[in-house]
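Per-chain residue numbering starts at 1, and chain names A, B and C are given in the order in which the chains are listed.
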Amino acid sequence: MHDRSRPPALPNRYPDYDVLAKRNGESWNDKTREVIAERLAVTATPLFFSASEFLLLEAIAARIVPQPSSRPPIPVAALVDRKLHADVADGYRADGMPRHRDAWRRGLRALEAEARAAFQRPFVELSEATQDELLRHAEAGELKAADWGGMRCEDFFKRRLLHDIVLAYYAHPTAWSEIGWGGPASPRGYVRLDVNDRDPWEPAEAEPGREQEAARINRHVR
Amino acid sequence: MSNDTDWLVGAGLALSAIAATAMLQPRPRTSPSPAPARLPPRTGPHPRASVRAARRLNRAAGMLAASVLADSSVEHYRGSFKNKAMVTPLAVSALTLAMSAHGTADRRPWAHRLRDGSYLLAAATGLIGTGFHVYNVTKKVGGFSWQNLFYGAPLGAPMAILLSGLLGFCSERVRDTSRARRPHVFGLPAARTIAAVTAAGLLGTSGEAGLLHFRGAFHNPFMAVPVTLPPLGAALLFNAAARDPDDDATRAHPLTRAWMWLLAAMGFIGIGFHAYGVSRNMGGWRNWSQNILAGPPLPAPPSFTGLALAGLAALGLMREHPDA
Amino acid sequence: MSVEMSDDPQATPRAIEGRAPDVFRPGGWVPMRCHRDEDAVDFVIVGTGAGGGTLACKLAEYGFSVVALDAGPYFRPLEDFASDESEQTKLYWTDDRISDGANPLQLGSNNSGKAVGGSTVHFAMVSLRFRPEWFKSRTLLGYGADWPIDWREMWNYYTEVEQALKISGPITYPWGPKRPRYPYRAHPLNAAARVLAKGCEALGVSWTETPLATLSAPRGLAHPCVYRGFCVAGCSTNAKQSALVTWIPRALAAGAEIRDLAMVGRIEVDDDDLVSGVHYHRGGRWHFQRARNVVVAGYAIETPRLLLNSATDRHRDGLANSSGLVGKNLMTQSNQAVWGLMDDEIRSYKGPPSLAITEHWNYQDKGKDFFGGYAYMSQGPLPQLWANTLAQARGLWGARLVEEMTNYNHVAGLKIVGEMLPQERNRVTLADEVDQYGLRIPRVTYSWCDNDRRLIDHSLAFMTRALEAAGAKDIWTQDDDTCHLNGTARMGDDPRASVVDADCRSWDIPNLWICDGSVFPTVGGVNPSLTIQAIACRTADRIRAMARRGELTGQRATGTRTAAHATSASS
């Protein structure tokens, strides 16, 4: 089993690329600008969760999508909170699962109860490794506290917790820059589609040792 | 990568635009052209007429070179100049353009060694370029398929610089033989040879337009124009080339001449249609950085103008030299 | 433009007061003929997707009065669609549903739509014909059920739909009987498609450009594709030939009325056992639209749900359900994938996601240990979808996930659309819980059979070899995904073994019709949208023919009343 507790070793594959530099160019339409502006304005204060639930969610999110300290963090927990506040649903739930809002509340309560039962401390005070251990137990369907009710912990972990947190992280432009994605694309799409082709408005990937070259190009991506 | 080559494209486009305009400037008034009816019948050489024809051919070669310069600038920019050799057609067509401008202005009745050399270089570039493009198409997965013919390196495109070189080279031969009994190219009658080469060029260019307009599903009925008018023009030119040289009555070819003017105009009107095509794509001209490349190619239609000008030069020579 | 920009299509209906949104012009409108609830129209159609949108157009062009209702909003893609996966989930049907069984389905995204135009607004545009034998798979191939329609007849309707959508496809199609040339040429292949092609060539099977319902050249006011890659999040350029920008504008021009944000909750049956109209929720209250005929076109979950929710004392098991088959024989299509990393940059986010396809295993029966077939296509997941795939199907989270995501531009994948067999135990029933309209929500039960599993195993093994041959590394398989939904109101020749006849007319109630993917007796190994639309075109022709012979029940006025109108509108 790989060690989830270590911080991510993120290679700087797209140095100096910032997808937001394209924001006022032809790749973004007004609707996209509006939607992303709203997302970037999200602050780390909960509208749906209680303060204690939100702290717990922040701790969990930091384990699911650990972030480097070298840049401002993506407010993952707040993005999940806004989705629930807006009541955006998936379109299905497993048998025994409550609807998304109730599932989150119940799931967080249950995880907290499991932390206190197994380690006699709140989840947020556990070490990262211990937090991961607890989450792995949830993933494996091994948690049986009464707080789970009829909801299976593995369903909660996979279909709610993991799903919502991962989607929140990759809804953020910072994550898009990190993976070298071209970002929003309308009205301007792409011209060069073939193997190893890159449009001037896409990020250049750095070959090892030639980061400066890629950075120079990426600073001009608009 | 492509960001570094923006200037190259800009320069190529600017140069070709200026050149295309210059190529279409009316000839200097100092060279009055007598009406054919008043030409005295002659059996010997008429240097001035040959030089005039040669200069017209220089102009035609230049027009084609301008089209190639602009087209290869845009297309090879789209190809991100991945292969260093992709700058070759830009350099060679720019040189050909300069030499053609020089030739268009030059009234001396003998060939120019530098022009000759550059025209041969252009022809060679066209041949080698065709090889490159064939290689590009066949090495792609799917090989020689519609997909790769549509979207791979266009097989017909390097032929334009080959034609430019050939016409320029013919121009020098016409000029060089202006003091001989009759203008010729490698022993063949010059006017009729050039007419035939031009006709072949028209067919090839029309074929390429046909391929690409087929790719566009002929969604606009005007897209049929460049696949119908040029082949008719080619037929007329072939016919002119095959006519009995001793039959004075048939040497004027008024219909063929009119058709060549039509094709020359078509080439320019085509730019307008292609500009409209660019505006029809998502984002229109505001999204130029995509649509110039993805929309119909603006520099392509003037190839027809260049060939039509060559056809006119050949017809002019034919009219003045019964056995050319 | 600025005046209309503020309206929220998800909050208030747009198609009202004699006009409907013009999808081709920001803020624009087109005139729309409107009907009063109390005036019985010839046809009320529930749903405006591939089935309902197509049928609304064809019936209106044939001169019938038509009102088509959709629970979703009426978007103008040019101004309403963002280049953003999260925002565009507004195209999905995300109402509450319960999914259970041994292999519970994932619903809500790639297999549902809640918008005028239905899920064609966000479908992947893959427009394939059935293999001819599939229409008689029981007789010719020994599995599933026979369709009551001959493949040659379908071949003509496929052609009609391909023309109507200006499908872009290859010059010659490598499989099956000869088909007419696609109206538009194939799109350029992206790198992901080249990977598929390389794999196929290495294994010696044919491949081709995928026939797609997105423009490769301009068409009317629609722009050609700009290869932005957001196809399954909604096309903001109108290149995608969805029902929203093809059939529905035609329907409006021919006099049909479209009602957006109109959720149908119950079909009314009168004492003569004929349907008389539908109850629908719009603008905060319930209405009743009278109609001489009702067509249900809500797709494989909402269609049986509506029929079951319309139960009365005389029709205790729901409408059209004397066979007991309403909701049964639900078929999804397997959607398993093989993923790997290439040394080259692939950047599969560019262009439509599935530009290349092989239907080899749809047409080749030798070497199979299963019934049915599958196609597989190249893939182009956007970041959220890809991250979720790595998390859900590969189990990555923590540092491993964020690290793996930085390989995004090198990922190539192959994904099947595989045939699953009809089983009565796979079904849609009603749960006890209710939704925001007070209607009982559907419970969707699904379990694979052995044959489904064998097909999936075969495909994963083959695609793994193909991806290896194309040079991919770190190959892994995703075996949890599901896509299109069909069945649940199958057509057939026998009233005891089917819900509707070949004309999509219910056996039990002669003026109740079902026209969408639910009528499929089998699904085949291809995306169903083209077949749904072809069925709708055929149904319209059959209805017109029956009307001319006076065979439509429900005191329908003959088509002659509006025949002149139809001629002018359809020209």
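The rule we apply is simple: a contact is a pair of C-beta atoms (placed from the backbone, for glycine too) under 8 Å apart; a residue touches a chain by one contact, two chains touch by 3 or more.
These numbers were taken from a predicted model, which means no experiment stands behind them.
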| item | value |
| --- | --- |
| Chain occupying the most central position, where position means C-alpha average | C |
| Most distant chain from chain A, judged by the mean position of its C-alpha atoms | B |
| Between the pairs B-C and A-B, the one where more C-beta pairs touch | B-C |
| Cα-centroid distance, chain A relative to chain C, in whole angstrom | 31 |
| Distance between chain centroids, defined by C-alpha means - chain B, chain C (Å) | 51 |
| Centre-of-Cα separation between chain B and chain A, whole angstrom | 57 |
| Set of chain A residues in contact with two or more other chains | 186-191, 197-198 |
| Chain B: positions in contact with at least two other chains | 282-283, 287, 290, 294 |
| Shared-contact residues (touching 2 or more other chains) in chain C | 188-189, 194, 226, 237 |
| Footprint of chain A on chain B - complex, ascending | 1-3, 6, 78, 80, 282-283, 286-287, 289-290, 293-294 |
| Residues of chain A touching chain C in the complex | 2, 4-11, 13, 27-32, 34-36, 39, 63-67, 83, 88-95, 99, 132, 135, 139, 158, 162-163, 166-167, 169-171, 175-176, 178-191, 193-198, 202, 205 |
| Chain B partner contacts - residues on chain A that touch it in the complex | 26, 186-192, 197-201, 204, 217, 220 |
| Residue ranges of chain B touching chain C (in the complex, touch as defined) | 140-142, 146-147, 150-151, 214-217, 219-220, 277, 280-283, 287, 290, 294 |
| Residue ranges of chain C in contact with chain B within the complex | 166, 170-171, 183-186, 188-189, 194, 197-198, 201, 209, 216-219, 223-224, 226, 237, 239 |
